[in-house]
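Below you'll find the structures, each written out as structure tokens.
Paired with chain B in one complex and with chain C in the other, chain A is shared by the two complexes that follow.
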Partner chain A sequence: MAGMSRRQVLRTGVAAGVSAAAGLAFPALLRAQGKPLKIGLLLPYSKVYAVLGESITNGMRVVFEAEGNRVAGRPVELLREDDEVSPPVGLRKLRKFLTSDQVDFVVGPVSSAVAAAIRDPIHQAKVILLNANAGDNALTRERCSPYIFRTSFSNWQTSYGLGAWAKQHIGGTAYLTGSDYAAGYQIVGAFREAFVAAGGTVVGESYVKLGSTDYAAIMAKIGAVGPALSFSFFAGSDAVHFVKQFAEFGLKGKVRLTGAGFLVSDDVLESQGDAAVGAVSTLHYTRTLQNPQNLEFRKRYQALTGKPPDVYAVQGYDTARVILEALRRTGGDTTDPERLSGVIRGIQFESPRGRFRFDPATHNAINDMYVMEVRRGDEGLANYVVSVVKELKDPGHCPNITA
Partner chain B sequence: MDLAFLVTQALNALQAGMLLFLLSSGLALIFGVLHVINFAHGAFYMLGAYVGLTGLALTGRFWLAVPLAVLVVGAVGALVERAFIRRLYGADPLAQALLTFGLLLVLDEGVKWLWGPQIRSLPTPEALRGTIALLGVPYPAYRLLVVAVGGVAAVTLWLFLERSRLGAILRAGVSDRQMVAALGINLGVLFAFTFGLGAGLAAFGGVMAGPIASAYPGMGVEVLIKAFIVVVIGGLGSLKGAAVGSLLIGVAETFGQALAPDWAMVAVYAVMVAVLLWRPTGMFGAEAAT
Partner chain C sequence: MRSARLAAGAAAALFLAAPLVLPPYPLGLLLETCLFALFAMSLDLLVGWAGLVSLGHAAAFGLGGYTLALLTLHGGVSLLPALAGALLLAAAWAALTGALCVRGRGVGFLMLTLAFAQLLHTVAYKWTSVTGGSNGLAGIPRPPLALGPLGTLPVQGETAFYFVALTAAAAGGLLLHRVGRSPVGHILQGIRVNEARMRALGYPVVRYKVAALTLAGALAALAGALHAAYTGYVSPESLDWVSSGEVLIMVLLGGTGTLLGPVVGAGIFLFLREVVSTLTEHWMLYLGVLFMACVLLFPQGVVGVLRGRRA
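Then we have the complex of A and B:
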């Protein structure tokens, strides 16, 4: 019985007992028992966001391997498909998950553009999508669905909190840059909203194609304007290039580098090196968080992968925790999407990022957003928390969800 | 728009153009001499960056890592030519495209397997971390070096092709293979050398671009499109065309990105369309084949 704790056995037993007493779900439960739990991972394993896909997957493995890869009596199968950060590819792979694999859950994607493309088929198929990264605001606002939950963040959440802080602690003029797709505009837009409301002025704005390697043109523009701070949304390899080139062009020290936390998150910090020191950003996780859940998670993630975790790993970890918790509560039954959706809405637990819970009105995670600075400290080069914006809830509203 | 901005942008364009030239010159050479459309070329660029990365880890010196990358990838290129490409001379271009594209995918996966999927940063050499002021405008020293090295490479390549015996044989090979063969020159060795030289040039571009653009799987595919645009507008197989085309695309891209970011890629294609309308064979195509 390695991997299955006594508590789990008891809990499964109780769940089975309750279902039996209700006399309804029992046959479904019998059928479900032992049948593999198929989780379709629709993530990028190549291109600009390859590392993000790997981290999410590894975060999930930490949870399931601790359970002996069995959840509520069902062996767990993680099916991986590379969405190549491309909406048409993502859509094709999703269809495969829904038709030939018949997955119980879909997890992913990373890119908001891919998420936008798969939203309607998910909604129609009534399969639970646990969105482990894509931050497109609309997914938990006007394009929400009772079957879509976001364990990561909304784009709005990742930068709104920094706007007022940056105006107050850094200065009143900002140059804004971002990746030229939905996430870039939403994240930069939320920062602008808060920064301007706090009395700041935006002196310039540029967007760059996703996956660009040369940001020299933008550096020339920022250098020409000379603002107090630069705010950016870039992630993955784009973030590495942007931050390194920012230092190369001599802007570091003259203009304060700030951004949504992906700009200098743990997955890219090593490659950026000293160029990133002093950068200020906001995110819902950094590996330097000192809560007991995080200390434990770091140990297990390190043991599994040989690397320290990053924010994407935690998103994967929490996503797997949600699945685990949901199956415990349904006794392993995933056949009724309405019931599953209702169960997931109420899930909460202590996560490495702090308290994890969904906003029942939007199905978006409510996050504490940490304002952090890159320093060389006890943890080496890392993001250290300087301030916290507590329980930031996306202001969206979802007409389709009955809370 | 002030002078400082213009100077920075002009240098940016020059630097982007130089990297593009290292890549597209090899592509042009391989097409000119072997008549092979080489999609695997982007993979050699990527390999250059990765071998440079490993070379740097082993020797700790950028100046050793660069020639190491060029030689290793050049040798890989020559081997690839002997093992695969030579079977396809004179074959259907579609077969060539399929084979070389397949090679590109295989090498991409190979890199992922050997070095991992994450982006790897090549540190800028210590001495070149700062900026140098040109006309009062600070510009990254390393990028200035890239401009200089690109210029030297272009001149060296030109001298080699125009003034050396081997260069003369290569140029002869472009216009008439049978003649070269009839003169008793071993075409097999010549072709392997040419392919290796092209691969080495691509690797040179890759390792020089490393400190600016880092190394990551898939990087080859991204630059390949631009390299093909350069070769098409310069004239297939023309080195002079590759040089002029590279600078042109460098200018279109950097200024496009700075002035109208939404139209940056459009600017690149617009240049291509304009050139092709003006000269359908490219600027130095057909009648001037070197």
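Then we have the complex of A and C:
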């Protein structure tokens, strides 16, 4: 009770008395209702990934505000904590969520390093974590947990589907580049796997430090080798620099620019401008998708934030939808983690990204992966779908989950 | 002097009673404060006594964490040998790099320590098969404390591990206190104030500096190893120069050359960061303003100024 004012103590006492009385009069289920549904958002709200954290949060708000911020009779409380993209900070904030706030769900993180750090405490506390972005393959493979679900993607999923398509429609030789950290190797590796399996040849491979501004050395190498295509994983400002320099070095037109969707996704496309036109990439969402859910989502997201949605916003939206569906199915009860996990595993719905469902064996989202080309079309400079790799499922094996 | 004893006794009683009154979350923060206090005190030996401003002190902290992680993950050793391994390795590292770093003075020394720490950071970042690369090493067990013939103490629980951290911090602080008051401590202070004179008097200045770096490195590694065991996780970030900068801020905030100052500094830093960052996303702005205010109001650190007033 340390740190509580007298009024707070009184209020708590009265509340405890009332709920005890209610407990005598009503069955347990009704008592669970009305108790706030606490969702702990462990996301970056500062530093390099701040935009991603905001997008995920806003995507979730679209869902809950449409429900009047009540789910199965329980008022929704979104608790935000900035993980600063730092594992130790993420751990500290998670501890606050688990012990002090006693949240019903944890949502996040963006960074795979933070996800790696919080995995064990989540697994031990048996609290449901909805991973709304971190792509590290291991999180739904050897480091999976019955209490962890991924609503976003595995790194493998973001590039594997492009391998065969690129071999068939562009050419048989590829130069691979990526950011020099775990995600870079996993994403480039999955493309290589599919590209080589389809009969393609990798003619060179380079990795660059995260946050580099000068890609001249790589451009020179690609120019010297002269492959049919280059495949890259870069994101954020790295993607902007890479794509612009690719055009400046005169490679555009000679070598086809391809990559995991982050290379030319909506958040960087504006800054890349014409340099990105013609680039081919795969991702599980682009704002130009024409399904009715997406048209509706775009309208509501725009109304809420004044901005068009990006892929992270959809990941937040779907995460909130999962929570909504889960509570509807349990009648608002979040006390039994085993039951909750079983319920979430079976959730399916139509999302702006297409059909949303989990792979029951790994708890990773099964995604339709869109092969897209950057064009100036009806929606201005954007990614337009040219082909779909249907229901791409991460090939991982999870030893902890009995499906 | 008596009032100081009383204050120390009261503080000790508060720290010992903390698990009885504190809920788990603040207790966890206090536990981390103990470890960062030890880390900061070890840096104070360098900054406050020997005048060695290091921007690479996190190297020892992180090296301790990685050593404990690898020993417990792959070696299955219990807590004491794991800590001993971390301590020895970090001491060796600090002695070796220290011997090279002390060739430089002032900014030169600072840059050399920074360079060596970044070297270690790169190794941790790149050697993925051993260190886990950018994702770090997770799932580090909190091994039991085997006390030989006395049996084995489980330290899984938050409260038990709090006492481990408290003991380590208190023992480290006491050791530093004794060293600081010993002839060695006076010689180190002499080196800070007038190195040329100490050399002229015949003191082997370089040896004393390296010895101070070695002791500080070993204690920082102890803090880092316990931190890894507590959080079950270690990442390249723990070796980064930002971590070195943060611990330097703790020391300066509390007051250099006081030992108590770094403890207070670590407490203020962690507490503010935790509380303010929950309230606002612009917490770094407020923290920056607060640090500036501290520098203006307490130029010798919080503890330094309080002591100065009393005297």
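Please note the rule applied: the second predicted complex is superposed on the first by the 373 of 403 C-alpha atoms of A that agree within 3 Å, B and C clash if a C-alpha of one lies under 4 Å from a C-alpha of the other, contacts with A are read in each partner's own complex, and residues count from 1 in each chain.
Just so we're on the same page, a residue touches a chain if its C-beta (ideal position, glycine included) is under 8 Å from a C-beta of that chain, and two chains touch if they have at least 3 such contacts.
The model shown is predicted, which means the values in this text are computed figures rather than measured ones.
Asker: Chain B or chain C: which reaches more residues on chain A?
Answerer: B
Asker: For A:86, select first, second, both or neither according to whether it touches chain B, chain C, the two together, or no partner.
Answerer: Second partner only, chain C.
Asker: Contacts for A:46 in the overlay, against chain B (first) and chain C (second): which applies, first, second, both or neither?
Answerer: both
Asker: Mind working out whether A:218 is in touch with chain B, chain C, both or neither, as first, second, both or neither?
Answerer: Touch partner of A:218: chain B, not chain C.
Asker: Kindly classify A:273 by the partners it touches after superposition: chain B alone (first), chain C alone (second), both, or neither?
Answerer: first
Asker: Return the residues of chain A at which the contacts from chain B and from chain C coincide.
Answerer: On chain A, the residues that contact chain B in one structure and chain C in the other are 45-46, 50.
Asker: Which residues of chain C touch chain A in their complex?
Answerer: Residue list for chain C touching chain A: 21-26, 28-29, 32, 125, 128, 132-136, 138-139, 231-233, 235, 237-238, 274, 277-278, 281-284.
Asker: For chain B, which residues count as touching chain A in their complex?
Answerer: Listed in rising order, the residues are 2, 4-5, 8-9, 12, 15-16, 112, 117-121, 123-124, 129-131, 138-140, 142-143, 209, 212-214, 216-219, 222, 254-255, 257-258, 261-262, 264-265.
Asker: What part of chain A is in contact with chain B in the complex they form?
Answerer: Spelled out, the residues of chain A in touch with chain B are 45-48, 50-51, 54, 180, 206-209, 211, 213-214, 216-221, 223-224, 236-237, 240-241, 244-245, 248-250, 267-268, 270-273.
Asker: If you look only at chain A, which of its residues touch chain C in the complex?
Answerer: Residue list for chain A touching chain C: 2, 45-46, 50, 80-82, 84, 86-88, 91-92, 95-96, 99-100, 112-113, 116-117, 119-121, 136, 138, 143, 181-182, 185.
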